[in-house]
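Okay, so subunit A shows up in both of these, paired with subunit B first and subunit C after.
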Partner chain A sequence: MSSSDGPVASTGAQLSRWFREGDAGLITAVMIGIYVLFTIFAILSPSQGLGGIVATLQAVTFWTALYAMLVLALNLHWGYTGLFNIGVAGFMAVGVYTFAALTAPTTGSPPGLGLPLWVGIVGGMLVAALAGALIALPALRLRADYLAIVTVAFSEIVRLSLLSTSLQEFTLFSSIGFIPDLTLGSGSGQGINMPINPTIPVKSLFYTNPTNPANGEITGLGETVFSLFATIGVRETVVVSIGYTLLLLAFVALFYWLLRRIGNSPFGRVLKAIREDELVANSLGKDTRMFKIKVFMVGCALMGLGGILWETQKGFTDPTSTTFRPIQTFYIFIALIIGGAGSNTGSVFGGALFASLLFQGPLFVSRIFSKFIELGDAPSTFAGAVAPALSLNFAPAAAYTLKNIPSLRFVLVGLVLVVLMQNRPTGLLGHRKEVAASIDLSERDGRTGDAAGKPAADGGQMPDGVRSESDSASGGERDD
Partner chain B sequence: MTDNDAPVDSAGDGGAESAVSAETASPGGAGDAASERSEAVDASLVVEDLSKSFGGINAVNEVSFTVERGSLTGLIGPNGAGKSTTFNLITGVHEPDSGRVTFEGSDLTGRRTNEIAQDGLVRTFQIARELEEMTVLENLMLAPRAQSGEKLVNAVTPGLRGRVREEERDIRERVWETLELFEIDHLAEEHAGNLSGGQRKLLELARALMLDPTMMLLDEPFAGVNPTLEEKLLDRIHELREEGLTFLLVEHDMDLIMENCEHVVVMHQGQLLAQGPPAEIRTNERVIDAYLGEDI
Partner chain C sequence: MVADWRVSIVERPKTALFGLFLVGLAVDLVLKLFGVQLTLGSANLLGGSLGLGRLITLVWDGIVIGLGIGLAGIGLSMTYSILSFANFAHGDYITSGAFAGWAVAWLVAGFGSGQLDGNVLYLATVGFGPTGPSPADLAINTIKTPIAVFGGLLVAVLATIALTLVIDRFIFKPMRNQGGITTLIASIGVALALRYLIVFVFGASNRGLTGGSPKLILAAVDGQFALANKRSTIILAQNGNAPTDVFYWLFPVVDIGSYSTELLSVTGAELTIVATSLALMYGLHVTLQRTKLGKAMRAMADNEDLARVTGIPTERVVRATWIIGGGLSGAAGYLIALERGTLAFNLGWLLLLLIFAAVILGGIGSIYGAMVGGILIGLTNSVSLVWIPSSFSTAAAFVIMILVLVIRPDGLFGGVTTA
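Coming up: the complex of A and B.
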């Protein structure tokens, strides 16, 4: 992916090397592992045969892709530049609601501008980027902690404003005569409809009337694909979801490509220097403020796009959605920390592990248990669950635990974080430091770095205090 | 966080200041001397009546001196004399309360650190500030000015990236040459955080050189450096000076300054104590008084 500059032949060679030595192979292996696990889950849980398995794997991939996108966007801020943005949910909300305002039909309630899909997407990204600039301008002049405070406050202000009834429907330009009135709104608690959304292009492959499939015909392609999947018991809706999930995967690839490109360039080198020591970057003549503002805007635009792809596919949203809550920001942060801040592969990796094992996995475990073990009705309070256990009747406690698995996920997440911080504080792949340059720095006009002497080759010349651990880490770091 | 514990330094000054202020040089007199000198010599850097106080403590008080183009000028003084603060004022890390800094004829006062570096006035730090998680190669690749790939559009857009790569190849060649010059090419792919103290000093100097500066401010470049390496660094500095670079050097080691610098500026408790050729400084009574009983 990163090798797209090179000639085709070397691209192929690099791609195969990339696959063999690391990233693509690693991600594939992890995804296969997750698929195997969830296939077992699907078989064990009260499912509908092969169709159920396919639907399960689709759901896992769907959540993986969504998290991977957002984690990659956050990696640009936190992993690359060290900008502590804890308002991810707010920037997603700005993207989603801008999209909604631009694309919702003019006759809707609340009404929108009825513009095409792509205008909505581009507009959503632009406004999210502008919101980022607005936040960044004052906050980036201060220390890192202030950016964190400002961003988390921003995300809550956005969410609460959207919830406010005073913005449910409002008219712009009503007092200015020559500009036509423009009625928009957030819909507040009642939410907003988005009949035009990114699933439409996917649906239009299968249906002649994608906005309302029931009122139209199935296309030729749709017939073929649906009947093919029907033979293994997969429903139409699942097929459409698979189509949308593939679209999401394409976006993950796009995010990954963009970040790699940003990272492996002189621009990315300055970002890395800012993360390490901003005063040094400044003293070397880099206008770090401009770099920070630019990268903050790009990251926010990506978060806006991620939000749009995440939230609008249901065709409806309202401010109470979990997507816009601060907890979402922390989920994304946790996924980034698990994978390893600073590593793009780690970001995808963390997104996959979080979405599947920590987020979806416990629900399946709960379902499987309740299928095989009859525990009776779960008590409604903790006391009700614990009291019988004192007389050695553990069934109510177990039933209570299973019933509350969605909440217990937090305990699990906390546990994973504690174990990770103790054993691998940099995350699973955070120790791999990718070199920030558009070319291989160890090569020089024909002669390679090996000729100049690799650090691994002259361990004897290493200064005191070099830890063998970091030595081996840097020895294994050369990934294209 | 950003300043080299300047406020702490100055706190030391402030405590003793009231007691000794009567004995220290009259700042006005020193200032006049400096401006006289600036007319006489071909000045690269002119510092005039520079003052900075932190919460009522005068870290730097009406300091004036000039650095001749192509010279190796030493800036000495006991701990807490305000040397690092002076550096921070010259390089725009702190904004002076009053006074003026002129570099190659243009006024630097109030300008931002990065702009000053772009103008060719580059500094190193007292405690080497290498970029730990970046390799030695990356550290050096970072420095060159006006890299087109530092523009996001050029870095990302497919058609424009070819030129960036071309430019990077040229810089890479210069980086390797510089690494060889400083004899740290065997550490090229090592992370800067893994280098020894002396190697970090070499790295900092090499990195600063990649900017093609006209003048370098070196803040204790020999601190924590073994004698062999110190010799090597000094040789490098003398070579660069012969090529036309100007140096202002902060150093604690009096002998080293006396042997290598042709002009010495002495600071004490935020004020200018004396300036002149080493021989003169060596016999200056005020300097001897200031250093008496101090560990130099």
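Coming up: the complex of A and C.
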């Protein structure tokens, strides 16, 4: 993996120049580094020529975009305001299932309302925001770690309710005469079909019948693009995925722009003040509770949108999907921590690093190793791997390890998180100073400012009971 | 008296509402027991029907689950109050303890039944593999193979203590000066790493553990309470011809008319978890009340700097906290797996939120709070089945936790820290 750190750690001087010159350069440099790495992976791994390389890069970009979106939304909560929300998966689920209920065909099983795509997206975001308000109203008075537990419990309540067969299909208003009956459902374990989803606008560029391409024609544009890509051996499905990935990248840009606007607005400055010291913000006359509820709702709406873009593209979802499990929240959180909470560039950066190096990278490494090194059949159990190793035959153990890289990569994720927290709790970019005033004073060397992150004179122990929110990964610390 | 009530209702409307809700549930439960149903039009308002045996079974299940959760919660509560961070790795300590303990239990049972040869690695990975003796072949249960069960318990405790101390030394100790949230995030990393290391070694599948679990059945036979170890015995007795060649015992005194029904069926594993966890809790209570350790812990939970200034060896107290907390969580994991009869890599992770709920309900820092909170969460989890479908029972426990956080963020035993 050491080679994969190259784009990150190389040539400090150049990096610091990028730091000053702007974030677009940094993200571009990192993405180019990741692309080079995965091109090498694709060439080495048992894929099919140029088409394989394109498909690999598409997949990496796709995951990067998905994580970047959700990480940006979480950054609004944790990075900007210091709200420790670890119920991201729950808010995503609320968004996705509202979207499904609004757009699923009325004849489906379970049926929906058959409304157009944009109604579903707006509705999903609104309901996710309402769910956020519902949780925020009681929970925001609590300490950060309590808020964490409430939000993660909320996400589990949502997931367990979706799994329940009692909500598989239900009828609203059946006992009220003047309103027509309305049958909806979660589909529980059987899942729910979403023939109308955000990939449809992309597909309609290429196909005349986007919901079922096989039954329709290819449009003029589709003909041109497909034949163009076919010359380098890229299949139609990959071309469509590239289209959707570009759409996702546009949404990442939109999220980024929105967060920048929020961060630089007076509203955003209050949020940062709440993060650093809520009491001070309060005594300056800011109704911090309202600010927290508002920002919680905005963040949850973005999580709902991110969830819709993430989960509906398969045209089907069910509650067992990894997207709705608490572990998904932690992946998003880890990506944010890696990049650096409080920094939008760091969020995108963390999303890219997590999705590529930690999530997809190990799988490629495993494939490449098993292609080039002949280890024989991998034993199916740990016992089968260890027994030969006792007689100094390490091939089965190595093969078993390679085969288990999909689960071992989470050990790597965990260790990365621990090492980061021990040595750089603000993440890779989170330590950067932010411009709080409307005039950039950052050219002056930062002597002034908060001491919240610095160890106290008594050896760094915060007084008991004060679980400082500002000295953690929220950008309060300086290491320069 | 009435005036007092009125004042408290006005001052704390949320608490009053919650209290009213609980009273409503209690009334409904009583009406259900007596088979009374109050209706308004076609809508069922209160009551219904509920067998006494079913209620007793639900309460017993709740207590069994709750004691396991409470035992696991003590460690979480102690580390929360003394080290000031919510340890998300606690669930995976529980899983680690369960796997370590059951590996040894399987090895001992395999040795006892002469199936150890050629199966050592299979048994040591708790049956991860296609070939080897099945749980039914090993037939581990508290009555027939007590050495395997309690040997496994001992190892579960010791192994988890060792694990928590090693993790503390390399991960949490260098972070003592950092904030609670930073350490919390690191503990999420520890949880992930531990869980998938367990998958690497023991596999991701859910495996059976025990075999031939003995039962004890409590029933009412013609108005007298009776105990038996087979359902058929009870049925024979209720028909008027109690067998003499098998275990059957009538409670001599009580007589409640001509009531005949099966009330409760208790497995040996359930009795083991109840007895063991009560014993461990009592032992902890004595330790913390009678020794200086308990006082030092209380002092440290209150104000760490002050404790250090007074000469309390804070690092040693932290180590004692990990030893007690880790040992109890290992025991809890092992016992919960024994009671369920199955074990998978995500055992502790799935329990963790319930344990958090119990600890918060009881009040963070209070070990009695953790115990009581555990039992309350266990009862909520199982008795809620009277009103809601089983798929919502875990959600109900979480809702109770959120309500308690809103009404009384300090928990039931709030303010009382560590013993």
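What we mean here is this: the second predicted complex is superposed on the first by the 414 of 480 C-alpha atoms of A that agree within 3 Å, B and C clash if a C-alpha of one lies under 4 Å from a C-alpha of the other, contacts with A are read in each partner's own complex, and residues count from 1 in each chain.
Here is the rule we go by: a residue touches a chain if its C-beta (ideal position, glycine included) is under 8 Å from a C-beta of that chain, and two chains touch if they have at least 3 such contacts.
Since we're looking at a predicted model, the values are computed, not measured.
Applying the stated contact rule after C-alpha superposition, one finds that A:171 touches neither subunit B nor subunit C. In the superposition on chain A, no contact is made by A:208 with either subunit B or subunit C. Of the two partner chains placed by the overlay, only subunit C lies in contact with A:163; subunit B stays clear of it.
Look at A:267: by the touch rule set out above, it reaches subunit B but stays clear of subunit C.
Of the two partner chains, subunit B is the only one touched by A:280; subunit C is not. By the touch criterion defined above, A:190 reaches neither subunit B nor subunit C. Shared contact residues on subunit A (touching subunit B in one structure, subunit C in the other): 143, 455, 458, 461-464, 467, 471. Only residues 4-5, 143, 258, 261-262, 265-270, 272-273, 275-288, 291, 294-295, 298, 433, 435-439, 441-445, 449, 452-455, 458, 461-467, 470-471, 474, 478 of subunit A touch subunit B when the two sit together in their complex.
Those residues of subunit B lying in contact with subunit A across their complex are 1-2, 91, 93, 112-115, 117-118, 122-123, 125, 129, 131-135, 137-138, 141-143, 145, 147-152, 154-156, 158, 161-162, 164-165, 168-169, 172-173, 175-176, 185-191, 193-196, 199, 207-208, 211. Interface of subunit C with subunit A (complex): residues 84-86, 121-122, 124-125, 128-130, 171, 174-175, 177-186, 188-197, 199-204, 301-305, 353, 356-357, 360, 389, 391-392, 394-395, 398-399, 401-402, 405-406, 409.
Residue ranges of subunit A in contact with subunit C, taken from their complex: 84, 138-139, 141-146, 148-150, 152-154, 156-157, 160-161, 163-166, 330, 333-334, 337, 380-384, 386-387, 404, 407-408, 410-411, 413-418, 421-422, 425, 455, 458-464, 467-469, 471-473.
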